[in-house]
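A, B and C are the chain letters, set down in written order, and residue numbers restart from 1 in every chain.
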Amino acid sequence: MEKRSYRLSDLSRLLDVPFKGDGTVVIDGVGPLETAGPTQLSFLANPKYRPKLDSSRAGAVIVDPSVEDVGRPMLISSNPYWTMAKAAQLFYEPPPLAPGIHPTAVVSPEASVAPDAALGPWVYVGPGASIGSGSRLYGLIYVGRGVRLGRDCLIYPHVSLLDGCRLGDRVIVHSGTVIGSDGFGFAQDAQGRSTKIPQTGIVQIDDDVEIGANCTVDRATFGKTWIQEGVKIDNLVQIAHNVTIGRHSIIVAQVGIAGSVTLGSHVVLGGQVGIAGHLTVGDRVRIAAKSAISHSVEPGQDLMGVPAMPQKQWMRHYAAWLRLPRWQQEVAALKERVRHLEETLARTQTSTEDESHGNEC
Amino acid sequence: MEKRSYRLSDLSRLLDVPFKGDGTVVIDGVGPLETAGPTQLSFLANPKYRPKLDSSRAGAVIVDPSVEDVGRPMLISSNPYWTMAKAAQLFYEPPPLAPGIHPTAVVSPEASVAPDAALGPWVYVGPGASIGSGSRLYGLIYVGRGVRLGRDCLIYPHVSLLDGCRLGDRVIVHSGTVIGSDGFGFAQDAQGRSTKIPQTGIVQIDDDVEIGANCTVDRATFGKTWIQEGVKIDNLVQIAHNVTIGRHSIIVAQVGIAGSVTLGSHVVLGGQVGIAGHLTVGDRVRIAAKSAISHSVEPGQDLMGVPAMPQKQWMRHYAAWLRLPRWQQEVAALKERVRHLEETLARTQTSTEDESHGNEC
Amino acid sequence: MEKRSYRLSDLSRLLDVPFKGDGTVVIDGVGPLETAGPTQLSFLANPKYRPKLDSSRAGAVIVDPSVEDVGRPMLISSNPYWTMAKAAQLFYEPPPLAPGIHPTAVVSPEASVAPDAALGPWVYVGPGASIGSGSRLYGLIYVGRGVRLGRDCLIYPHVSLLDGCRLGDRVIVHSGTVIGSDGFGFAQDAQGRSTKIPQTGIVQIDDDVEIGANCTVDRATFGKTWIQEGVKIDNLVQIAHNVTIGRHSIIVAQVGIAGSVTLGSHVVLGGQVGIAGHLTVGDRVRIAAKSAISHSVEPGQDLMGVPAMPQKQWMRHYAAWLRLPRWQQEVAALKERVRHLEETLARTQTSTEDESHGNEC
């Protein structure tokens, strides 16, 4: 899908980083060191991969200022991985969805669709909904009553944006994701039968959020479930009613966040993490994959485990657990030594007493 | 979405609970203590939130009979949370899906759709399928051959109800859920290659079941996968072939239940629980989030852990695990004391022997 | 759905296994011992179910050569479970999707669809895509630009096959599954804001793969995510960018595999397993349900735990953990015995010294 090309000196200017070496080399794509060819730009984000750089066929490379001359043209960046991402964006050919409404789409006369938005086949847009300028909806998409979708959004096939939900600008939602399903709220009677608590709130998704495939984001019971600016969510993630996810947080695949949880900003949740209801997780907290959060967490902590604890503490307990079988043998040996001591001491006392008695004679 | 309104005395009558104070106050919605305004009804389900009640702006409040006068109109209920749910249902404005078949829907001439059912855009109804009176299907929904859907069901966009499955009355299925995918059944040859065991059974879902978004409920290999009356299932739950889920059970998000498991009635499974195949879980068992069930469970137990054990027992083991590092230090100290004892005793014996020998002189 | 019928002697020939007893008995289906009737074929795959065989009403039964006469016609197979699967395939009536393109489908003039392929309602086929002979697509399916789908595939409703992905022959994809969603790739700036790394690779799925419902398979960042021949994947599984899954591996429900993982062939992953990024898992490795793989794994190992270790080792550690509370009591008792020893020894020494001193007089 990459066919654009730039001279290295142009990339230097567009990416706002200096270059070194031949600026006229023509680059038409980005690739990893192992596979990049002579017309591709590669990158060294981790010094341990330096040997791969030396054997790479890449035509140019993005490196850290600390890296010396590598015998080929270079872009110099203090954050080579970031510069690589920005370069890849320059070469990326977005999916060609032509502006306009596909003849099979159904748009309510009470909805508003920007003239340069693109609606593919079988997109439904309900009454009172609005689709902002430059937004593109692939096909087979349901946009409910009163949904507001901002500018330059990208919505993949089979997405449900249900009644009343609001999405900001440049939001990306991948295939099969549901925004605005009912929260899981029931009251029980004395016989343990459930009755539904109507879920009348919405989901609000702010600018620059990206949500993976087959995720579920429940609407609030009252008020809103809120995903703030710049949050990135992987696939198959469950976000319950009334959750707030703070700015620029990162949620890896298959995480489940229970109702009314509040995450701070820049939180990172590893894959398959679970967070119990009504907790608060502070800014910049990082939770290792598969952990379970059962208490609120102060800002800046690194946690792991089920239930989660500070990572260093978990490591200490885990190390103790690893020693357990050997250590139980050691304790058994210690027990034997104590038994032996007891016997010896008993004999000693008896013999001492004998001696004593002997002395008494 | 809330615009209906009732006088408190009318709510008292409709909800079949007594009121206290001014019965003429007009209520147009339900909300939590923190945000409810003067025309809203709130509730006190947990005595610890009493301070919130005192500072609430709610126009009226549902309380337990034990609560004294709170200086505003009250509904008196032995189960305030239940009464709140019932009240919220009175105010809830259901999604306005007009009866009738959308012109883009495709209904087999061999299917039967009740005249007052609502079929939205791009709903497919296959041969031999039937849609009961008052059922509403949003849009982009696949109803396979011979599917039977009862009365007053609500099916959200992107649901698949596959061939032969049967749903009772008042069943709710949220977006993206699949009912009747093939069970995961294969036989292996000596080389470890798999061949498919055709999955020829169905899924039967009884009255008043609600299933969340992006769930998967597999059809039986032979016979049926069966979700009984009143069961409530959260999002992203996996229910394998030939599973039975007993009446009024509650399954929280991201649970996985393997093939041929039988759950009793009123079982509660916390989020991300896994249950291994062919097990039986008794009535009223409750499993904590993230647990793994690897043995059948007697009725009435509370279990947790991987693998799960009775909750109190798990707590005891977990407490021991928490003490491990400190305790390993204590054992090391004990070892040192034993070593010291051994030395001392050896010296004592030697000295006693010396004494003895001395005495012998 | 079963209406074909065969004489037992015909089944013997078609399944290439000998029969014993009356070959003229007519069989019209397969069922388990408990429910199979006089016109059905059942099977004994596990000797412990022999009593069920004796009480079964099955008209004929598939047994191991070691099983003696059971008083009814038998098929003799060294792998009765495999033979049962093959027999069930003979009786299976595939879903009647007539060849041809449904009038509501939208096929790009630049796409190619085999004349005997079946495209149901609201199937979109993008420019440059091709659908092979005998492939059947139910309905409500999105096939992106340049997708290649081989022969005799079966694609259920609400599947997304996104731009550029390639599927081999006889591939089955269940409802709601997404093939080719973007990998979860971002670079962070110094302020912790994310920018997207365009995901320009594809997904390649080889022959005879089956993928369950509501799975997500991400496209590669560069190159391909690759699911090799004969792999079987259950529901709600997450496969990240650049993963390779080796031939004939089996992935149970709700597994998550992080980016750039390489699984060997014949690997078996239990339900809810998680595998961290960039690891290699050798051939024939088996991972127990709910385990977390945090290191690469040599071929042939059986692992379990969080983090996973060899199953026998885990069992030893788990047994030690189970003994912990009782064992902590034992150590407390041991501590008491040591204290007692210390006291006794101190007294003994004093008394010995007294004796000694006494002796000195």
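What we mean here is this: a contact is a pair of C-beta atoms (placed from the backbone, for glycine too) under 8 Å apart; a residue touches a chain by one contact, two chains touch by 3 or more.
The structure presented is a predicted model; accordingly, all values stated were derived computationally and were not measured.
Of all residue numbers used at the contact between chain B and chain C, under half are used by both chains, marking a mostly different-residue interface. Between the two copies, chain A and chain C, the C-alpha superposition involves a rotation of 120 degrees in steps of 5.
As a whole-number value, the distance joining the C-alpha centres of chain B and chain C reads 25 Å. Shown for chain A are the residues that touch two or more other chains, namely 104, 122, 140, 158, 176, 214, 236, 254, 272, 306, 321, 324, 331, 334, 338, 341, 345, 348, 352, 355, 359.
Residues of chain A touching chain C in their complex: 1-2, 30-32, 35, 79, 81-82, 84-86, 88-89, 91-92, 95-96, 104, 120-122, 138-140, 156-158, 172, 174-176, 210, 212-214, 230, 232, 234-236, 248, 250, 252-254, 266, 271-272, 284, 289-290, 306, 321-322, 324-325, 328, 331, 334-335, 338, 341-342, 345, 348-349, 352, 355-356, 359.
Of all residues in chain A, those touching chain B in their complex are 104, 106, 122, 124, 140, 142, 145, 158, 160, 162-164, 176, 178, 181-182, 184-198, 200, 214-216, 218, 222-223, 236, 238, 240, 254, 256, 258, 272, 274, 276, 292, 306, 316-317, 319-321, 323-324, 327, 330-331, 334, 337-338, 341, 344-345, 348, 351-352, 355, 358-359.
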